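Shared chain: chain A. Partners: chain B in the first complex, chain C in the second.
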Partner chain A sequence: MDSFLLEALVNGILLGGVFALPALGLNLVFGVVDVVWLCYAELVMVGMYAVWFLYTQAGWPLWMAFAACLPVVSLLGLLLHLLVVRPLLASPPINQVLATGGVLFLLQGAMTLIFRTDFRSLGVDMPPMEVGEIFVSGTKLAAFCAALLGAALLWAFLKFTYVGTAIRAIARDREVMPLMGVDPQRIYLIASAVGGALAGLAACLLVVQLDVHPFVGLSFGPITFMICVMGGLGNMLGGFLAAFLMGIIVSVGGFWGSTEFSYVVAFGFFIVTIFARPRGLFAR
Partner chain B sequence: MTAFRTTRRSLLGAGAALTIPATVARAQGPARGGDPLRVGVMTDLSGPFAGAGSLPLFWGAEVAIELFNERGGVDGRPVQAVTADSQSKADVAINEMERLLGQERLEVVTGIYSSAHAVPLSGRFEQSRKMMWITSAIATAVLKDKNFRYVFRPTVHSDQYGEGSISAIAENAQAKLGLAPDKVKLGVIYEDGPYGTGVASAIEANAKSRNMPIVLKEAYSSTAPDLSTLVTKLRRERPDIVLQVGYNPDITLFLRQAKSGGLRFKMLIGHGAGWSQIDRLTETFGGDVNHMCNVDPAATQMLDWGKLQPGIGDLAKTFMDRFQAKHKLSDPPTHASMGFNNTWIFLEHVLKPAVRKSGGMSADALREAALAVDVPEGGTIQGYGVKFAPPGDPMAGQNQRSLAVVMQFENGKSKVVWPASLGQPIVMPLPASNAYAAR
Partner chain C sequence: MRYLIPLMLALACVPLLAPPDYFLHLGVTVLLTAVAGTGWAMMGRYGLVSFGHGAFLGIGAYAMALLWNMAGLTPWVGIPVAVALAALVGVMLGYPCFRLKVVGHYFALVTLAAGEIVRILITALREYTGGSLGMTPDRVPPEQGLLAMQFDKAGFWWLALLAWGAGLLAWWLLDRSMASKALAAISEDEEAAASIGIRVTREKLRVTLISTALAALAGTLMAQYRMYLNPESLAGLGISLQIVFGAIAGGMYAPLGPTVGAIITIGLEEVLRIAFGTEFTGGAPFIYGILLVLFMIYLPRGIVGIVERKRRSATAPLGLPAAAK
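For the complex of A and B:
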């Protein structure tokens, strides 16, 4: 295989790892609470600012800034649920979407007021790995490994804990589980906090790769939604796999065609998918 | 260096600008003689463009209006800026234009950072017979073959960017790289809006006219989350020189991924917008951006003020002192000079004579005054003169005396390296100590 093509393929897989975490978080919240957090990418953006601020302005070590980011964004997820989503749970879905869309603009505006529109950078760089003619970004590789670890921890939490089991049960049947003694409101809160924490983890991975600015969500937010729908909204495994598929399509499509062409292919594939399998590529 | 320091005062300022998009800035200073002259100023105070030069563009215009009013305005009548934030979105720009022309009943709107906004706006201004005075958006397509009568652009256009970078390479290839110009391989990457596309076409046309091979020419979205495949392709094609046209998140993303992706080259030349923000780039990449180049109109501090027309050097100094006192930038970006200079040209050479001649400031009176402007070379703080292409010309409304230069970065400062007559010798190829230098 052409070594440059192989490099593009590896890059696609690494890119998929970056998309996978926000896709997981978004799917978790939708699967459990049945509300799409339109502002999910903006939660990630707030997390990126938190890391940037703690590391470059407050002088914290990077690992501490990362560690603090998770609870901060998790708390934000909780607040989002308590203040915006819960009062609208009985409302038509469009109201919920519009409300979380409003939060999107609120967060963008708030960050603009606090940090202005400048592009902020951590200035952290890891040396690339060079294998033969192939270069692999050390930063992306580390982010990819962290994404896999995060996904594995989430899987273990959902699989082996009582709360995780309850979350999966609620996701499967929202009507029946309360009759079995599960308190849905509590589970919604936990799912929102975990969804927020995943956004925090995604922020840690993205802040070393992208500059932070109030509109950084535009770079990965739309494609994250597309991945979730493609994998099956609410289907965590489906979203996870779709993220890698999308990463490879974007990367290899860009290699064979052009960067713009790769997104045409990706969106074309998405449209065909939702026509052929409206419930998602990996729906059972 | 802290280029854009966040203070309580600046936050309040930003808050006012962002939460009240229709801020009316009341004139200060001694101009007291009559009704204010209301002028629209539309820039992107929020959104990605704000951090890619639109804010300094606005700040420069702000200083120009303050200074003009302090110096008496037009026979005592102050200029009152009616500001609008186009939020880096073309649809918002169109809505704001409708507001400025309809609700505010303005005859002229200055500013317009992005070509992606200028293209749709220009036709609407023309249709409304109101003046559009573009201080930044550079795509040639805004004016080419449109024969607009009410759209004027005192600054450069994208064809001049292509001419600048390719000429600088061709004139230095043999001496600096040991290569005949037609042996220098070029890689051209650009954002896919009118700005990037316009400059890339100009680069291609200029390269073709000199038989310089372009081994890769590819567009990308400025909001793309990943450009590593583009880096891989550039590495495969091994260009000697990479020419990039981009805003800001895409430039830093590319540089970061180019470094980690093993892309090396003999020179990288940017073309305005994000590449003009040398403070930002230096803060992010440190010495790695040393000796990279950028094409743009010259920021005034790069010029020898003694060589400008009488009085212009003093004007440049006043602007720089005020701008730096307000914004604490070590090397204000070109957009600051553009904002001041092109607004000043309007106020001093168009508005003033139009009001004096007609007693008012109708778009027709302004247009007539604009067509009569004849400022010689060295007559503005950016070094160029002003003479607009008349109706019927393929570039009607374009300043035919505008000038783009190639500048090179060194430790957070820029110096002019092309045209050779204005600048210092270029450092090329990138020194071996540079992280991107081809070895």
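For the complex of A and C:
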């Protein structure tokens, strides 16, 4: 195989790892709370600003800025649930989506007010590594590994802890679980906090690759939603696999055309997929 | 509807009073935003929530501007062509969606993807569209302005008023037709509606056609009025959500709701701009966002919704509780 194509393929897989985290978080929240957080990419954006601010402005070491980003965004997820989603739990789904769309504007506006519209860069980079015939960006590889680690931790949490079991149960049947003694409100809160933390982790991985500005969420938000829908909303494994598929399409598509066309191809692929499998690629 | 004709006549007289340009400018912007919002609400109120209506503004505007710049086709012809093209795209996207029962969240996200595709395509085809820097329709000398649809603010006031009237007329015609009842039934329960003989796909396609055509009409006139097009303000998620916000804030179940919403959104933006200048960049979306959340929690039927409920409870105290749902 052509080594450039191979490189594009590898980059696609690495990119998929980064897409996977927000897709997992979004699916977790949707699966459990049954609400689409339209502002999910904006939570990531706030996390990116948190890392940037703590590292370049407050002078914290990078690992401490990363460590602080997770609880900050997690708290934001909790607030989002308590202030916006909880009052709307009984409303039609579309009202819920629009309210979180309002939070999207709110966060973009708030960050513009505080940090202006300048592009902020962390200025951290790792040297590329040569693996066989191809070069792999060190930053991307590190981000990929961290994303896999995050996904594995999430899986272990859902699989082996009592709360995790309750989360999976409520995602499966929200009528019966309250009868089994599970308090749905508590589970919703936990899922929102974990969903927020995943956004925080995604923010740490993205901030080293992208400059942060108030509208950066619009550059990866739409594709994250498409990944979730392709995998089947609420289907964590489906979303995880779809993330890699989308990553490869974007990366290999960019190899033959411009980056923009690669996104057009990816979005077009998404639309065709939805027509072929309206409930997602991996729907049973 | 009874008030529409006198209201339009009254509004048509406004430019004759020689109001300040700024007032006319606000009026044109509000009217055109209202047309886009009215178009969106025609689908939105039947549960067909689109997050990609910006795409139709963009397709319409760019088609018109490219026909003018490259083929010299006057916007008087270009606008109908561009509107037809956008409506065709809407129907081509809608048909498989409706046929294959892509509804709810899935429909919203498919339209979101479509809107993004259009935005990225406009950006990527920068040789023709100027990419993210935007494009300007070629100007003509003032004496040919009428033919090229390039005239002063008063002219656009009348055009925008006509478009607005067309939107309300479409709303009214739809409202009193069987299609409205069919669509209401579909939005309640698609399967049940199909079982009593409603042609679900056809009804949805018809309303999609009207809705996207209105959005495209608004887009073309906005572009022609500003004499400037760029992908961010005419396609993509940002503008799509703004259209939705306007329609929701005003109230998407009443014909004048989206217009009230347009007055609120444009008014808010202007007040903030005048009060705080550029110091407060980001203030408008910040306040929009809070309002949108509050509207969804406390006033899901929008501002016109309250007025309607008051009037209904005053005139018909024994009205069906279902009507208030």
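By our rule, the second predicted complex is superposed on the first by the 279 of 284 C-alpha atoms of A that agree within 3 Å, B and C clash if a C-alpha of one lies under 4 Å from a C-alpha of the other, contacts with A are read in each partner's own complex, and residues count from 1 in each chain.
We adopt the following convention: a contact is a pair of C-beta atoms (placed from the backbone, for glycine too) under 8 Å apart; a residue touches a chain by one contact, two chains touch by 3 or more.
Because the structure is a prediction, the values reported are computed rather than measured.
Colleague: Let's test your reading of the overlay: on chain A, do chain B and chain C clash or fit side by side?
Modeller: clash
Colleague: Touching A:Asn95, do we find chain B (first), chain C (second), both, or neither?
Modeller: second
Colleague: In the superposed arrangement, which partner chain does A:Thr117 touch: chain B (first), chain C (second), both, or neither?
Modeller: So A:Thr117 meets both chain B and chain C here.
Colleague: Of the partners chain B and chain C, which touch A:Ser258 in the superposed model: first, second, both, neither?
Modeller: both
Colleague: Once the structures are superposed on A, label A:Val229 by its partner contacts, choosing first (chain B), second (chain C), both or neither.
Modeller: Touch status of A:Val229: second partner only.
Colleague: With the two structures laid over each other on chain A, which partner does A:Phe160 touch: chain B (first), chain C (second), both, or neither?
Modeller: In the superposed model, A:Phe160 contacts neither chain B nor chain C.
Colleague: Between chain B (first) and chain C (second), which does A:Leu218 come into contact with in this model arrangement: first, second, both, or neither?
Modeller: both
Colleague: Give the stretch of chain C that clashes with chain B in the superposition, choosing among 58-66, 274-282 or 292-300.
Modeller: After superposing on chain A, the stretch of chain C hitting chain B is 274-282.
Colleague: Identify the residues of chain A that lie in both the chain B contact region and the chain C contact region.
Modeller: In chain A, residues 109, 112-113, 116-117, 214-215, 218, 258, 260, 263 are touched by chain B and also by chain C.
Colleague: If we count contacts the way the header does, which residues on chain C are in touch with chain A in the complex?
Modeller: Its residues touching chain A are 47, 49, 93, 96-97, 100-102, 104-106, 108-110, 112-114, 116-117, 120-121, 123-124, 236-238, 241, 244-245, 248, 280-293, 295-297, 300.
Colleague: Hey, which residues of chain A end up touching chain C in the complex?
Modeller: For chain A paired with chain C, touching residues are 36, 83-84, 87-88, 91, 93-99, 101-113, 116-117, 214-215, 218, 221-222, 225-226, 229, 233, 258, 260-261, 263-264, 267-268, 270-271, 274-275, 278-279.
Colleague: Please give the residue numbers of chain B that touch chain A in the complex, ascending.
Modeller: Touching chain A: residues 3-4, 6, 10-11, 14-15, 18, 45-48, 50-51, 55, 88, 192, 218-221, 223-230, 232-233, 235-236, 248-249, 252-253, 256-257, 259-262, 280, 283-284, 286 of chain B.
Colleague: Taking the complex as given, what residues does chain A use to touch chain B?
Modeller: By the definition above, chain A touches chain B via 4, 7-8, 11-12, 15, 18, 109, 112-119, 121, 123, 125-128, 130, 135, 137-140, 209-211, 213-216, 218-220, 223, 250-252, 254-255, 258-260, 262-263.
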